[in-house]
Each structure stands twice: as structure tokens, then as C-alpha cells.
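Labels A, B, C and D are assigned to the chains in the order they are written; within every chain, residues are numbered from 1.
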Amino acid sequence: MTLKNTARQTWIENVRTLFAHSLRVDISSKERLITPIFFALIILMLFSFAIPEPDVAMRSRMMVAESQLAIFFALQIAFSRTFESERIDRTFDHLRLSPISSSAFITSKILHVLFIGGGTMLCTGILSVILQGQNMGQMADPVVLGAAFLTLLGLTGLGVLLASITLNAEGHQILFPLLYFPLSVPVLLCSTEGLVHWLDTYKWDSTMRGWSVMLIAFDIIYLTLTILLGTEAVD
Amino acid sequence: MSPYPEATNAMPYLIACYALGVLSIFGYAVWLCRHRIQVNRYLAAIDKRA
Amino acid sequence: MTERKSKFTLANSLTVLLAMLLGQWMLAWLWVPVDEAQGDVYRVIYLHVPAAFASFLSAGVLLIGSLLALRSKDEHWLNLSRAAAEVGLLFTLLTLATGSIWGKPTWGVWWTWDARLTTSFLLALMYGGWILLFGAIPQGPSRTRSCSILGVMIAADVPIIYKSVTWWRTLHQPQTILRTGGSTMDSDMLCVLLSGIAIMALVTVNMILVRRETLRLEQELEEKSLGGAS
Amino acid sequence: MLSVQKISFGFKNQKLFQDVSFNLEAGQLIRISGANGSGKSTMLGLIAGLITGGGGSILFAGDDDFRQWTSWIAPDANGLVPTLSATENLNFWLELRGVKLKVGSLQTTLGRWGLSGDWIQSSLPVAKFSTGMKRRLALAKLELEGSKLWLLDEPLFGLDDGACKQFRDSLDRHLSAGGASLVVTHDDRLLERIRHQTISLGGTGL
């Protein structure tokens, strides 16, 4: 047993190990992977029961509204549980004492939530298209996918940062949504308006450009804030 | 968005607004000062006892 | 012993400022001419706009307090943020109330998703959220960190919200008829409005400082009484 | 390797310990003893950096990140993911430290710590382990990490005699190989035969 200075993992290796580990944890406890997707699908079902077949004009707006809402709530569940695995068996303290950089830890958390969010978004999108009786082409439309990804990026940045803040607050399950909703309104607004406008007109005009610029600006601000402040919160 | 007919006799709304304004700002200021005096009194009591 | 003398002048100045505020409102009611489109009801402007300005100013103070607390890891700056959040909440709720009361005669409806009202509504939620977070975490370095980070996030989010909401509103509703602070207002209306905003700003900052000071005293009181009791 | 000068810590009003200083060099073992609640774990947490806000200074030798050559055992927890198997848990923590293991050395170490058998090692989820087994897994991890400094908080928690003896040999080997260790334990059996200093905190320490 030779005592040596253990080699330090590079930043990228840190992120890769942590990200792979959090995926393995999720896959091993199926429940964590399935809940957000299951929750989103329930909301979609509810919507399609509650609202009769909308006429053509309203259809695109309805579809966007439904999937947006379903994804929003499903992501909220995924976010408030981002640090759940760290709480068990004081894993967080063990992590604090292993030679990893906290920004790598935060980045792996972001990637992890992006992965779960992406999965949820995909399932919700497909089901909402089927429920709406739209043709599948609408889903594969690059703009729709782009907007969905940008929304996911923005919400993830915000969600992970808020999760790290409310890490040791009592009753964080209730506190988290309360802080999450007002702060995420701009993203929802931009993506919903942009998507509806696109599905109505299929023209990439000034309003679309305006919405996408706003969305990208929000994403950049919140992702940098997350990396910057997140490391602070984790220390 | 043409102004509504009852815009002219909107005095009650105006009064309501300002009443609310006075109530909230002055009410808060009064509570703040009273609270400060109370805390000071407790502090003085503890200082005397220590 | 806390130096009692200087505290008193702080509270005193508050009463002076409030008197000035009252004077300013008198001006708004009696001296300024009636607005031809809206009649008397537009005078709410002299309360609604300064209150909105005060709520954004408190967001600024919250940002300052949070940044200083983050940099210096010193808990006392948190009191400044806590005071700013509380005063900010007060003014945002006031803006919302006056906005909707004003909406009734002018638009015939209590609430419309007007850009400024929506922003104030969200700001009120965020202030409330901040205060709740402040209460949810026990005192200590982690609370200072978490609350300061949230403070920075809220301040960063205010311009974004305002921009996106205004953009969203102008798409659906022609610019509302409230000529707030626009150059189209005639001169004396404008000068009364600007002086109103200035006075309200002073009142806000003063209130925040007094509130911060009471918070500091409360902390001191807690430590002393705990110290004495054990 | 580690020098602690005048550290003190106290909650709002009552002081846990005051102006404690000591130096820890290679091959040395220091035990922190004291009654329950006398601040033993708090002191260890303070030294490890988990708890902030105490007085005094804590200096680690060398300018690199001290966490690279320090390992920690928590009194009541082992940082294990219940749904994953023993090997998966170990691989994660070792990979994080950049430890490259020779093939099979993981399995033999686990075997030495009484966790032999392929089924236990790589498919049984850790949730089904007994507290003793979880502790032995944590101690096996400690050995495999090969860090110079061991900060151990009640390492014997949940261990039977055989495992205690096993741990004592492992600690002995660690010290003779030039490692150092700071141990918090109220159980005297552990360190009878190993030369060590003791810091007793309030209460009825040694």
C-alpha cells in the first residue's frame, strides 16, 4: 500500500465522472427517471380531457400551451430533486472533502438535469402532437426543436441555481416552486409567444427574431449566473 | 382604448388610491419607529441588568 | 452601548421626509391642472409612478446588499438586503393596488396584463420569496450566501422581466394612454412628478436604513438575551 | 503534515473547546477523546473544513489541495448510494480521486474486509447491507484511496471484534507506511497497542 499524492482529476474528467455517476444513480433507481416524464404525460392527458377539440385557429396555441405547461411542471420536479442524492448518507459532505472543483460539480448537475429535461420534453412533445392530431412534421421542425432546447437551457440554469440555494432551507419543496415561478416567467413568455407566432405564420420575421434574441439573452445570463454563483453556493 | 364615460367622476377611486398610499407608507413608518423604540427599551433593560 | 444619539436623527429625518411627501401630494391635488383626457383620475400618477420607482430602487439596494454580503461574507450586509426586500415588497404591493384601482375607471377592468402591472406583480412575488427564504434557513454563513445569491438573481431578472413583458404587451395592445413621464406632459405636471419621484426615493432609502438598523438591534438583543440567559 | 494552532469553537454562548493546538507529523496518531457532546466531532469537522467560523488557524503542509491526500470517515454515514452496488460506489469515489487500481485489487481488498463473493460485491444494492457491512465498505474505500492523512470520526461504529482487529492492522500499516491519522473515538479498545497521543476535551476524557 504505497502512500502517494493521488493524481488530481482534470476538470473535464471531474465533470464526466460526476455526470456518469448521477446518470447511473438515476438509472438504478428507475423512479427518479420516470417521475418527471410520467407527471408531464398526466398533465397532457388532463388537458386533452378538459378541453374539447379546439378549432384550427386555436390549435397551435393550445398545443404549445399544453406542452409548455407540462414540461414546466415536470422540470420543476426534476429541479427540486437535483440535490436529493447528495442528501442521502451525507454524500454532500464526502464530496466536499474529495478533490473536485465545485464548478465541475455544478456543471455535471446542469448536464444531468438537461438530460432528464430533454427526455421529458421529447416524450411530452410527441404525445402532445399525437393528442392534437397534428402531423408529426410539426414536431421535427427545427425552429420548434430549437425553441424547446433554448427554453430547456434557460429553465435548467435557473432551476439548478435555485436548487443549490434552497439546499439547506427547511421546507424547500414548497419554497422552491415559489421562487421558481416568478423568475422563470420571461423564458416561458418568450418561448410561448415565439412558438405560437411561428406555428401561425411559419415566417422568420422580426418578431420571431426579437423573441429568440430575448430567449438566448436569458439563457446566457442565467447559465453564467449559475456557474458563477452556483460554485459559491456549493462551497 | 378611448377613455371610459365614468372617467370624469372617478374621484372615489382617486381618494381610495391616496388613502391606500397614506395608510401603507405612513402606517409602515409609524410601525417602524415604534418597533425601534421598543427594541431599544429591551436593550436598555438588558444593559441595566448585565 | 449603542450610540443612541445618531439613531434618533435617522428616524427624525424620516418624519421630515414624510412631511415633504405630504406637501408634494397637496401640490399634485390642488395646483396641477386637470388632464384633458382623463380628468382628475390621472392624478394617481403622482402616487403610482413614484411607488413603482421606489420598488425598483429597493431592488437596486437589494442587489448592493447581496453583492457586498457575497464579497465580504459578512452577515450585517444581509440586514440591508432584508430591509430592502421588505420595503420593496411594501412599495410593489402599493404600486399594484394603485395600478388596478386606477385601471377600473380608465379601462373598466380591475386587472389587465399591462406591462408595468405584470412586472410589479412578479417583483412582489420575488420579494415575498426572498423574505420566505430568509426565514427558512437558520442563521449562519449558508443563509448569507443563499439569500445574497437570490438577491443577485432577482435584480438580474427585473430588467429581463420588464423587457419581455413590455415587448409582449406592445405586441397585443397599442401603447396604453398613460403618458407617464413622457415629454408630451406639460411642464408643471412633469416637474411635480419628478419631484415626487425624488422625494419618494429619499423616503424609501431612509426607511430601508431605519429598518436595517432595527434588524441589527434585534440581532444584538437576541445575542445579549441569549448570552445573559445561559 | 498538519499544524493546528489555538483553535476554539462555541455556539452562541457556550464554548465547546478553547485554544487547542497540536502538530501531526508522518507516522503519528492522535486521538481526540471526551464525553459525548464535548465537541470531538465538531473539532474534526472544523479541521476538515466542513464547519467554518471557529477561531484559530489550521495549516496543511504543501501548497496543493489538501483534499488530495486526506480521507474522512463520518461518524454515522458513509456517503454510499443505496441503489448502487458496492463496486459501483467504490469506483465512483476512487475515480474522483484519480486512483487507478490494478485489476482485481478492489475485489481482494473487499474480500479482506469480509465482503467477498461476486454477488455481494457487484450486484447487491448497498441498501440491503447491514450497518456493519456498510462500515466495512467505507473502511475498504479508505484503504484503497491510499491517502496520507486519515481523519476518522468514530471509525468503529457498528463494527464487530473481528472487523475492529482488521481495522487496527490496517491503521498500523498506514502509520508505518508514513501516513498520519487523527481519530475521534470514545472506545479505548482500538488504540491500546498503538503508540498515540491523546487530546481530551472537557467531560471525563482520559
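FYI, contacts are C-beta pairs under 8 Å (C-beta built on N, C-alpha and C of every residue); 3 or more make two chains touch, one makes a residue touch a chain.
As the structure is a prediction and not an experimental result, all values here were calculated from the model.
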- Task: Among all other chains, pick the one whose mean CA position is farthest from the mean CA position of subunit C.
- Result: D
- Would you mind checking which chain's mean C-alpha position lies nearest the centre of all protein C-alpha atoms? A
- Note on the structure: Taking each chain's mean CA coordinate, subunit C and subunit D are separated, in whole Å, by 52
- Mind checking the centre-to-centre distance between subunit B and subunit C? Centres are C-alpha means, answer in whole Å. 13
- Compute the distance, rounded to whole Å, between the mean C-alpha positions of subunit A and subunit B. 42
- Distance from the CA centroid of subunit A to that of subunit D, rounded to the nearest Å? 38
- Residue numbers in subunit C touching 2 or more other chains? none
- Message: Two-or-more-chain contact residues of subunit B, please, as numbers and ranges.
- Response: none
- Which parts of subunit D, given as residue numbers and ranges, touch two or more other chains? none
- Item | Complex contacts: residues of subunit D adjacent to subunit A | 48-50, 64-65, 67-72, 74, 76-84, 88, 92-93, 95-100, 125, 143, 145-148, 173-174, 177-179
- Query: For the complex, which residues does subunit A have touching subunit C?
  - Reply: 158, 161-162, 165-172, 175, 178-179, 181-183, 185-186, 189-190, 193, 207, 210, 214, 217-218, 221, 225, 229, 232-233, 235
- Listed in rising order, the residues of subunit A that touch subunit D in the complex are 1-9, 13-14, 17-18, 21, 24-25, 28-29, 85, 88-91, 93-100
- Which positions of subunit C touch subunit B when the two form their complex? 1-2, 4, 7, 11, 14-15, 18, 21, 25, 37-41, 43-44, 47-48, 51, 87, 90, 93-94, 97-98, 101-102, 104-108, 173-174, 176-177, 203, 207, 210-211, 213-214, 217-218, 220-221, 224-225, 228
- Item | Residue ranges of subunit B in contact with subunit C within the complex | 1, 3-4, 6-8, 10-11, 13-14, 16-18, 20-21, 24-26, 28-29, 32-33, 35-36, 39-40, 42-43, 46-47, 49-50
